[in-house]
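To start, the structure under review is shown below, and the notes come after it.
Labels run A, B, C and D following the written order; every chain starts at residue 1.
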Amino acid sequence: MKTVGIVGANGYTGSELVRLLAYHPNVELGFLYSRSNAGTKISEIYADLEMVCDIELTNEISAVDIVFLCLPHRESKNWLSQNSVSENTLVIDLGNDFRLDGKSLDRNFIYGLPEINKSDIAQAKSIANPGCFATAIQLALMPLANKGLLDEVYTTGITGSTGAGQSLQATTHFTWRNDNVSAYKTLTHQHVDEILQQVISLNNKEVSLNFVPWRGDFARGIFTSSTIKTDLELTDINQLYKDFYAEAPFVKVSDRAIDLKQVVNTNRCVIHVEKNGNVIVIHSAIDNLLKGASGQAVQNMNIAMGWEENLGLDLKPIAF
Amino acid sequence: MKTVGIVGANGYTGSELVRLLAYHPNVELGFLYSRSNAGTKISEIYADLEMVCDIELTNEISAVDIVFLCLPHRESKNWLSQNSVSENTLVIDLGNDFRLDGKSLDRNFIYGLPEINKSDIAQAKSIANPGCFATAIQLALMPLANKGLLDEVYTTGITGSTGAGQSLQATTHFTWRNDNVSAYKTLTHQHVDEILQQVISLNNKEVSLNFVPWRGDFARGIFTSSTIKTDLELTDINQLYKDFYAEAPFVKVSDRAIDLKQVVNTNRCVIHVEKNGNVIVIHSAIDNLLKGASGQAVQNMNIAMGWEENLGLDLKPIAF
Amino acid sequence: MKTVGIVGANGYTGSELVRLLAYHPNVELGFLYSRSNAGTKISEIYADLEMVCDIELTNEISAVDIVFLCLPHRESKNWLSQNSVSENTLVIDLGNDFRLDGKSLDRNFIYGLPEINKSDIAQAKSIANPGCFATAIQLALMPLANKGLLDEVYTTGITGSTGAGQSLQATTHFTWRNDNVSAYKTLTHQHVDEILQQVISLNNKEVSLNFVPWRGDFARGIFTSSTIKTDLELTDINQLYKDFYAEAPFVKVSDRAIDLKQVVNTNRCVIHVEKNGNVIVIHSAIDNLLKGASGQAVQNMNIAMGWEENLGLDLKPIAF
Amino acid sequence: MKTVGIVGANGYTGSELVRLLAYHPNVELGFLYSRSNAGTKISEIYADLEMVCDIELTNEISAVDIVFLCLPHRESKNWLSQNSVSENTLVIDLGNDFRLDGKSLDRNFIYGLPEINKSDIAQAKSIANPGCFATAIQLALMPLANKGLLDEVYTTGITGSTGAGQSLQATTHFTWRNDNVSAYKTLTHQHVDEILQQVISLNNKEVSLNFVPWRGDFARGIFTSSTIKTDLELTDINQLYKDFYAEAPFVKVSDRAIDLKQVVNTNRCVIHVEKNGNVIVIHSAIDNLLKGASGQAVQNMNIAMGWEENLGLDLKPIAF
């Protein structure tokens, strides 16, 4: 039994880790760290945890085998530099502090997209967990990048409200968001750099990614469609995708049309490719809090600890 | 490893059993029976099952240890009389054929509400799984019935669209149901008889239940509020509820306001009692497809097979 | 052309008045008062008003013929005592400051439920606009109260998120509220006193109202079901309702099941009565921002000004 | 007062015309034609019409001044050839039978996008009303096409469930569609030809349109984002858009981010342009049943009859 600490446990991704790890067979929760909510039980913040986890949030850390950082972007580095974490402790950061440049604070963060980096993750003591849109879009593009086939990519993606975190904002007010769709950070989303860094390193030549993110009127999930030009036949493209993900337990390349809800409450990504003329569209869907955040973090932990990749991640889909 | 057959596997409750049993450690799926969809893979009907279960629906049965009947109401008796099921096979019916009168076809169906009937269920070879509203309302009322405190009950309950099944109807059309609320079967819902039969047998005197069911604009869940008069103090009522459910692993009597989504995608029931003057209101919430149907069926199976009650039922809540 | 001032124009009911009055043939907007947003255009707060109304919010008032007060509860009296409004100006308060006791500040506020009080409203210079739940429940109960038939009433009502106003709260966060239902202010909602005062004055004997309000996962609308005992025949009850509302242009007593969305974006109330044994259930539905607030305020203005009751209120239903 | 007949009045767009025309000052409803529902009141099908329109559907036509055809695609031509409509009657077809080739059956259908074709529409006796996606996308592209600036366009659009009509389908089942997003007709949507025909005739050179339509989990509305390359400055583009729509009463080029719900239940289109590097994204939003269908049909009627363009179209936005 390994012990786990979660820093920022009072947020969405932190609490989702609690939900996952409460039933994980190989770990037990050590501390749940929160500066703002120390002294409060996590189940007082998230009522669904009432029968799952009775632990109080704390602002003191103790020695654990694994630490997950679920802090706002740009706060992980601060926290790590101010708190003493053993070099033997596996650190998995769900923020974006170490995704573009993993060498920091005497640690070497490995980019934690298991479908690309599994062998490096298996050796890692520090893992930078990918962003949610970054996961959905990379999984849609990597098989093509791997063959150097990417050039110009046009992607639209839609995300649920949990992507915006638990803070109250005009755009997360129910009255505004219900039945609504809107665009934000058009062409300038912070995940573009992260995606391009990874994609280009496989593609071996420049890629341009024109990404239009939308806010959707649902709580969980990301759906993306990426359009590119290629002369490849659809059957060859599908084969290429299936080969690329042959060993990936959480990625399914589907021959049928996909929909967002088939992956909600799972750690899976489903992908479907369509072609018309010399244009292909690659659709991908994930649960932004699972494969896009906390589920992938557990997957990375499993790999880094030498456990089965899907341990604690055989989740019943919501389905309906 | 015990083998399981699911009759009517192509419906919502049948497919939900597949989702649950696919990860249940003590069983494996034997057959998935469907007359109308024989020859089709269940994952072709429910895309979320693509990576979970690859079994084809069939219209032939084989010998199994446990059979779940997930048929439209009034078809279970027919099916059982036309198909030969060993008397040693545990039969769990999710329909309403045997809830009011369990002695039928040389079998003796035990009413499968574990919080009331656990010892009988443990001995049973035939179990009548309760209805969804019937579960939510009985769990709200039983601690009072157990003390003979029920007289006149006024209940309103709201249910998600999965309660209406997968058939296409005017009232399950997205365009109509989105953002909508409506009443149906006012004072005449079929679960009233089932509830009263159980409640009165504990209450030991007549109870009248005025039940107004509503359709809600969500897919999963039931929320009910029951109003009754009593002179008991609120602290005594809460104690009575907590004592009554002290051994029930899936029922939580909460001191805080509850909300529907805290139980969605779990097998739990949360209950909260409030009082003003001599009037109390008992709120209860369940996931209609889990504690209200397939989850409770697995709970009953676990008890009847002598396994841990929560085996395969430690489900991650959807939470958001 | 009469001039109108709206105090608290930056809130939901205030902005809804702007939407209604922008197309009202007999009035023009004088001032839109807001202390917190003075200097901002109302269309900067509510984007849907971009092509409708270009007026800037102000914290100075000018002479107008009609003033609507759309302030938080208990602030209308303050505002009126601190600002000089001519005694000839028609004042319509959408808050609850004058509903229970209309005689205040040298004014005599008439309770503005036109279906009960039309002749008094026609003479009034000060009108206390009813609450949203209060409107839906009174319209459901008044025909029985009018015959002294009310005794014990059990009501459940569900409201959209606009009922909670525009402030950001945990219970109006999209992530929490989407697909969720919860109870609040059980048996203690502030509208109960307002309802009972009016209902009892018609009923001529005591009435007890056990009201359980729920939060729904939609933005607009209120649906209520009230259960009472009576020996009257259903046909007689229906006749009584139809007679009572024979002259009410916005109330429909329907012979068919009703649903919330049929009144959304209209000033209407639909009512449907069902009976089983000696128990009847009266369902009613309104749009909480229209017949439950701003629409009814315009209806009251029309009556008080001697105009057609439905002027500016022939609104296209959202329907879908 | 002119008389109107609606053919296919029992569908979504037909019933939406009833909602609009019931309050239109210059017309009265003559007949509501429906083969399948003759003898039924339209208010029995659409409960929101109970207090608006009491007319029975009929399968016989009478002489009227204006006929709207709201039939499934490819049935308008049939209906017109089988029914005798005077050549003096204004015919407005909401289907796609005459959009690509308007010369048919001795009539000359003008493509009814008023922002492009107003003078032709003013002279027309036959109008082909544009498709819903076609309206939203053309309004987003036309100012650029008008300057010959279009080359390669990448568009994603999301539509509400009303776009799929009232028939019950797997993809309009509430249980499936709630909280869901999916793609359909990728790169092959039937509106692409219609859009290109119009756009190219302004652009004066080839345009390629890569269009990915999505199904959204809301009932009304279309939101689109179109990405193209250009060296123009953003201020110049905005000026170009504002000039192009200077005389269009229903189109707003907004300097602020737009959202879908600001146009729901209105006949408006809002457009917002953003730029990064040499890439621009044009967002547009409409209500698919109004500016995308029935509202635009009334707008076309107004123009063809010589009335104010916005007559009967000053609709209160749903806003929330």
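Operating definition for what follows: a contact is a pair of C-beta atoms (placed from the backbone, for glycine too) under 8 Å apart; a residue touches a chain by one contact, two chains touch by 3 or more.
What you see is a predicted model; the values in this text were computed from it and never measured.
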item: Most widely separated chain from chain D, with each centre as the mean of CA atoms; value: B
item: Fitting chain C to chain D on CA atoms, where both chains share a sequence, rotation angle to nearest 5 degrees; value: 180
item: Comparison of A-C and B-C by number of C-beta pairs in contact, larger one; value: B-C
item: Gap in Å, rounded to a whole number, between the CA centres of chain D and chain C; value: 34
item: Length of the line joining the C-alpha centres of chain A and chain C, rounded to whole Å; value: 46
item: Centre distance in Å when chain B and chain C are each reduced to the mean of their C-alpha atoms; value: 39
item: Where chain B touches two or more other chains at once, by residue number; value: 12, 161-162, 175-176, 178-179, 217-220, 258-259, 261, 264, 320
item: List of chain D residues in touch with chain A within their complex; value: 154, 156, 158, 175-176, 179-184, 186-188, 210, 212, 214, 216-221, 223, 225, 227, 257-261, 264, 274, 276-277, 279, 281, 283, 285, 320
item: Complex contact set, residues of chain B against chain A; value: 12, 15-16, 19-20, 23, 44, 46-52, 160-162, 178-179, 219-220, 252, 254, 256, 258-259, 261-266, 268, 270, 289, 314-320
item: Interfacial residue positions of chain C with respect to chain A in the complex; value: 12, 160-162, 166, 168-170, 172-179, 217-219
